[in-house]
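I have a structure I would like to understand better, so I am pasting it below and will then ask my questions one at a time.
Letters A, B, C, D and E mark the chains in the order given here, with residues in each chain numbered from 1 onward.
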Amino acid sequence: MPTHLIRRLFEAVLVLVVVAVVAFTLFRFVGDPVNQMVGQDVSIAERERLRRELGLDDALFVQCARFIWNALHFDFGTSYKFRQPVTDLIGARLPATLELAFAASVFAIAIGIPLGVRTGIHRDGALSKTIMAVSLIGVSLPTFLIGILLIYLFAVTLHWLPSYGRGDVVNLGFWATGFLTGSGLRALILPATTLGLFQLTLVMRLVRSEMLEVLRTDYIRFCRARGLTDRAIHFRHALKNTLVPVVTIIGLQIGSIIAFAIITETVFQWPGMGLLFIQAVQNADIPIMAAYLMLTSVIFVGINLVVDLIYHFIDPRIRVSGRL
Amino acid sequence: MSLRDDREGFGSVWNRRWRAFADSHLLYSFGRSKLVMVAAVFAVVVIGAALAAPLIAPTNPLDLASLDLMDARIPPMWMEGGDPRFVIGTDDQGRDLLSALLYGAQVSIGVSLCAVGLAILLGVGLGLVSGYFGGIFDTLIMRAADVQLTFPAILTALLVNGAARAVLGDQRLQGGEFWVLVVSIGLAFWVQYARTVRASTLQERHKDYVQAARLIGVPAWKIMFGHVLPNVLGPVTVIATINLALAIITEATLSFLGVGLPPTHPSLGTLVRIGNDFLMSGEWWIVFFPGLVLAGLALSVNILGDWLRDALNPKLR
Amino acid sequence: MRIRKVVLAALLMAGVTTFGLSADPAAAKTFRYAFQGDLNSLDPYTLNETFTLGALANVYEGLTRRDENLKIQPALAESWEIVDPLRWRFHLRKGVKFQNGEDFTADDVVFSAERVRAQGSELVTRLPADAEVVKVDDHTVDFVLKTPNPILHAEWDSWSIMSKKWAEANGATKPQPQTGKELNPWALKANGTGPFVIESHEPGVKTVYKPNPAWWDKAHKRFNVDEVVFTTIKAPATRVAALLSGEVDLIEPVPVQDMKRIQDNPTTDVMTGAELRTIHLFMDQKRDELKYSNVKGKNPFKDVRVRKAFMEAIDIEAIKSKVMRGLASPSALMIAPLLYSRSSEFKRLPYDPADAKKLLAEAGYPDGFELTMHCPNDRYVNDEAICQAATSMLAKIGVKVTLQAQPKAQFFGRAGPAGGYDTSFGMLGWTPSSFDSFNVLQNNAGCRDDKGNGGPFNYGGYCNPKVDELAKAILVETDTKKRDALIYDAFKILTDEVAFIPLHQQALAWGVSKKVKIPQRADNSIIFAWAQKED
Amino acid sequence: MSPPVLSVRDLVVEFATRKGPLRAIDGVSFDIARGEVLGVVGESGAGKSLTGTAVIGLVEAPGRIAGGEIHLAGRRIDTLPKDEMRRVRGKQIGMIFQDPLTSLDPLMRIGDQLIETIQTHTAATRAQARDRAVHLLEEVGIPAAAERLMAHPHQFSGGMRQRVVIALALAAEPDIVIADEPTTALDVSVQAQIIALLKRLTRDHGMAVMLITHDMGVIAQIADRVAVMYAGRIAEIGPVRDVIGRPHHPYTAGLMGSIPGLRSEHARLKQIPGAMPRPGAIPPGCAFNPRCDRVIERCRAERPDLSPFGHTSAACHAPISRETEEAGR
Amino acid sequence: MSTASIDPAASPLVVVEGLKKHFDVSAPMLERLLSGAPQRVVRAVENVSFSIGRGETFALVGESGSGKSTIARMVVGLLERSGGRVTIDGTAVDDPTVGRAERAALRRKIQMIFQDPYASLNPRWTVGRIVAEPMRVLGVVKDARAIEARVGELLGLVGLTAADAVKYPHQFSGGQRQRIAIARALSAEPAFIVCDEPTSALDVSVQAQILNLMADLQDRLGLTFLFISHNLAVVRHMADRIGVLYLGRLVEVGPAEDLIDRPRHPYTRMLIAAVPDLERFADQAEPARGEIPNPIDPPSGCHFHPRCPFAIERCRREMPELVDGVACHRVADGEL
């Protein structure tokens, strides 16, 4: 088990290094940072000077090595546009995105799993079929369209919920949370729903198909033959056995929730990393983009490690053999 | 390829295949669900109309000379101020929305089909190699897949887009946006195929029909493509259908984020993005119809994918 | 079943938060406004950008300021006199304090004059580089010039005076370096003399302002708000939604298509007015062969008939009514009528596609030619739509234009000096920051080399030595009448030669809550000091 | 003779398909007495497993019991409401499946699976249930039973797992156990042990067993009576020795002849031509008639009923017995 | 089965000597380094030698984990050997000096019939194509028309019709599929066929058909079989000689009748006792003890000793050699 963990960590580091190189090389070429940093009136000589100062005329691999070395020290440089250390900027935006992603995941999981279980158990019921059909809409409408429609309905027409931003936040040390204020929670509802809807559908459909799969297994038949109650069969045996693949996918989905937050944050002007990232893409703000990519990878890899640990918790077979 | 094909001629072979198909569970389950039939009809109509756009569209929206700015923002013909020339109205440039929609759907479907095709090509190829040869190939490909998974589709697409813009330069990119989108989306999707095909290949590889082929010395690539490939394509079809819907949406989202196709050659996504600006202004048709077609297309393809998955899954019968 | 309970609880919670907490927390008079872009820096010298300078003008003040009609008013300078053409004397206001309590003195002006011309400042052109700033006494400062300059103080409303002591204490004597390698406290802090103090600043998210109780200009204190909150809302639809739902009091810019909606909404209104920015099309007249065209071996834009044909092909009224929905004033000149007294003497070439076709044929292009057009798509009001419209209009005279619309970063990167003017045809907007024609003649029409020395924003590379000579004379001419005559001559040449295709001055449009009263100035600055809000 | 524990009368199981209902079990009747082992033998697709599934009430859609009656200890159970039938399962009827590798929930300790089953059917406290679980494991021959309670299924070998499955099936001391191919997935040496165990348990508990298998050898070892199924019908039923020693139905005889024996002559095996028809393609009359070497005209038209021949009953118009008797005369 | 008595030593077609297969099942290197676990090797097959005469059927019998399928796959060359030699008709199968053409010729001589007729036929191929593949690949028949004729002939030979060539495998029952698999094996015109549990997935009546078919074919074509099975009765029925495997080693080899009627090794005895026999109704034979140990961690000495009722101290320590067709200390010592 510890050796297994160490191997996974080793792999994770490898993945991160590759991501770092990819992130660096790709973003090194998007737009010209110098044009971004200065206004229209700045002379060409001045631009050349900036270019030198930024080290943009060094050899590429030197820039890349410098980038990785600095990243190891949590130093992603200074944003070209905001003129602040990227680490500070992201640090300030991270809570917003994580809270949004958390709320969206909770929304997706808390509703997706029960719905999936239900539609899996009663797979031919009229309600299940309706849920399944309706759920397809969730994966067929682009996120931005859903967001705009929700704003139109709940903010503009009904005036129930705010249309943008995060509401009031409370600072808990470095973490500014919106969970503790009324306006913060209210502001969370629409973006979290928008963001979570797609994942909800995926989770639901996944749980359903896994449930169908598990319900056909011999041990479930044997459970029935032993006269166990439906409740025990569905929740104690079937659900638990569906969890292994479900946990994997949910892990992956949390990663993509953070990526999809780019769109949701754009629509709702949610002051998170995604918004920062898309602004950075538009402004060719390389340090922010690179840091964002590194950070999402770290989060993603971290989630994968956690998923791994959860496997060990759920599945005794893995616990013994120590292999996946 | 079947031994007797050449003598019997195509007719009887296809005839027999058709009978087998007509008799199959696939067709049966198809006929049983109204929803699936409606979805199929919608998808066929939209795809057919899109492909036939140059033949059936009232105007050519790509011919800029035909646009008249004075025709801008005319509502659908049944509304007050409507114009019978423009069945569902015009956009802010005076473009006939119906024509734009048909051409836009053509682009969207084209991008999605090509992207999914690319993903299949990449994913199935790599999955086969990974599953069949294992070892270092497997490790490399699967690690690459891990890295790829670190970048969810939308991020990958943004990355590829940015890289293409940087490498090609905007000028050379011009007109190449289509292929950039194809590559962006295609790259984001290959992992799923690779993993699925690899898993199936691992299973098939150990099946005795593969062993029988190895026994007589059939070369590895011939086994991979002649024996294994046809047997792992089932799940690929299902993923491809569902991915097609996802590709349509991803293309729209990229357009929304401003890295899609240019407005002079709009896709459905671009049309929705442009129309989005008119959502609150009362000119609802500019966003409504492209949105409707986009969502309808994605929805019906998804419904078909769903049905296909259930119908092709022998365990669910 | 446990899961069912969890879902129930979640739904319940959602319900409670929806309805239970929907009452808005009773805020004191807070004026909230939203802009599509960010407040990029709190250092007033870092960015020469309209929005940033406008926002900081609420915190900092210059020696002069402009009133609602853009007339120059005394601010930190009570009065000034031109002792001789090469020496201007400014009498500073007494009793003014910086927000940290220090007194404002001549030392601060001398310090600011150095700082604004230091490396890293984007506002270097506010003062001639060779001008000398001399402290006469604590409240008198002389500006000694090498050449006469009748419009020396024209741009000084956006040159903020900073506290020398505070800057030294905070290590901010130099402008925020552009590399951002060393951080400057000015990026997050501010200390001016203006009516508002920055309470908090989250870059790219929001900025909170509070009134400055010690502001000197009690006589002109017109605002009644206790707090100003600025938020960035990039997506137009979200911005409009925020206004409609009452979450913000003012939005800028308003998407033109949503104006009616905002007007029809009982609680909101649209304020419009003419802006000073002139949107125009430029044509590469410098290269011997166009970079992006199928015409090889020659440059069609060197032929005035082609330029004329292009201008005649543009139906400016259609653009005004359909793209701009009436919110634009077609312009014959490269400067807004407000800024040049004899503007009305110039007329645009009429819309005449038939004549345009004829001209093209005469010039040797009976079947037109192919061309790429570069446009920004997030800079000006409906920039991309205007370019699209132009594209289809040019198609009607046989010129096949491929449009490439890009975010402003990429557009300026390619089409501007940094990209070596890598374009053949495109769109640009220009506001002379001195509100004077010379600025246009120098920046947009001055002959330039490939690096941009000369007229850096002359994207088309138009060059006529006569115009340059006139510009030189205009700069030193102090007699208004004579000066206007010289300007007339220069503009006459530009119009006759169709050096540019001026399109229009775009209109200003703010979406405002009816609770708020705030004057709209033509330079698009939002001046909190004039903001009134009802309960 | 005491009333049978299980009595099945004219059982019909159908599957709804798009081409109309398919009859997979067609009029099967048999009784099992207390303490008796009934072997149900047949080739794959004969309907033997489905019969067991129908008895325990676990036929899944699109299948359904379309006719007949099932009585358990005198009480009709095929019409019981869902929840009451659930109580019958495990409590009165136990069931053992073929593959011990897949019959146990892989994520749950076997102790918990046992305790759960015991508590479902008795009022036992957890401690009592645990004691009973240990006892059960000991009874099926699992050494160090108390410790093994904490183990997960994958920690057991195949044979041990099948013992656990048996313990689970016996948890509530059912009157009858349906064992569906309990030894097929096991090695011969382990199979022998499991057969011995089943035999011992039957004897000790007076429990009836319905043993479903394709292996005549296993039937011969353990069963008291045997029912030979063919195409969803019972071809022949009777005491094991009689059926094996003097089969009356040509199918039974063919089946016996096709089994290579350890001690038999080194000769050509008897073979029945063709294969068993799929449900839906069952010929009219006797289902076996196209493969039968004794077929007469009547076989093609009329479906034979089970009729007694000595101790056994066979469904045949041209049974072997008569001929044999004639030959003997 | 052919009744002519064959002297296997005279002209064996197949000679297997010292066959070995070791699988490395140790954890990945990194983990081993971290945990200090040793390298672990499963000796799936260890020192197995036998020879098969022309026209003879040699059977290998054993329970799961005995290595019988591994041996089959090594003999046909599907699995690499860790050691030992396989010689067919005097040619060593992977002799590096053997040329390309000769190797192809060798390949033609060996064919295999697999256990699961559902997995051994490519479901996407027509029967005709499946049967024709070896001919095409090995160049047995080159002309397309001749191939087609030959396919029809082969299908007829195994009891199907030429018309079946255009059908797909799923249109056939299990027994028919196994016939197709046999036809495919015959299509290369082999001399030697390895049959890996060819009937264990089939019903008894069908098993009888297939076993009879194989016997007939052997008679008609003079084939040599290596017959792998776990079913002693089937083996007894088919084989001329039988080898009994336990945990990768041959424990007893002998003529079929002798071995079944007078088993010598305690394991063979146990196996035979465990086979349920129609002629032994519900007798109370003592069932075998224990289960097959995990091959990763086999018992010391004689692998069978923990289950052996006759084990003595020596059996725990010492691995018995195969002497005179049996590998048992106590038999060797004449005590059993």
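One rule holds in what follows: a contact is a pair of C-beta atoms (placed from the backbone, for glycine too) under 8 Å apart; a residue touches a chain by one contact, two chains touch by 3 or more.
Since this is a predicted model, take the numbers as computed values, not measurements.
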| item | value |
| --- | --- |
| Subunit D reached from subunit C - shortest hop count over touching chains | 2 |
| Those chains which touch subunit C and also touch subunit A | B |
| Reference subunit D; chain at largest CA-centroid distance | C |
| Between subunit A and subunit B, centroid-to-centroid distance (C-alpha), Å | 25 |
| Distance between the centres, which are taken as Cα means, of subunit D and subunit A, whole angstrom | 53 |
| Subunit B and subunit E: spacing of chain centres that average the CA atoms, whole Å | 49 |
| Chain centre separation in whole Å, for subunit C relative to subunit B (CA means) | 44 |
| Residues of subunit B whose C-beta touches two or more other chains | 165, 258, 276, 279-280 |
| In subunit A, residues with contacts to at least two other chains | 31, 148, 152, 156, 266, 282 |
| Per-residue multi-chain contacts in subunit E, two or more chains | none |
| Subunit B-touching residues of subunit A, taken from the complex the two chains share | 11, 14-15, 18-19, 22, 26-27, 29-31, 132-133, 136-137, 139-145, 148, 152, 156, 212-213, 216, 252, 255-256, 259-260, 262-263, 266, 278, 281-282, 293, 296-297, 300-301 |
| Touch list for subunit C against partner subunit A, complex | 1-4, 6-7, 10, 14, 17-19, 21-22, 25, 38, 40-41, 46-49, 122, 125, 176, 178-181, 183-184, 187-188, 202-206, 231-235, 237-239, 241-242, 244-247, 378, 407, 409-410, 412-413, 416-419, 451-452, 456-457 |
| Contacting residues of subunit A [partner subunit C, same complex] | 31-32, 34-44, 47, 50, 53-54, 77-85, 89, 92, 106-107, 110-111, 113-114, 117, 148, 151-152, 155-156, 159-165, 168, 182-183, 185-186, 189, 231, 235, 266-269, 271, 275-276, 279, 282-284 |
| Residues of subunit C touching subunit B in the complex | 236-237, 240-241, 244, 255, 257-261, 292, 315, 318-319, 322-323, 372, 377, 384-385, 388-389, 391-393, 395-396, 400-407, 410, 414 |
| Footprint of subunit E on subunit D - complex, ascending | 43-44, 157-160, 187-193, 195-196, 199, 214-218, 220-223, 240-241, 244, 254-264, 266, 268-273, 275-276 |
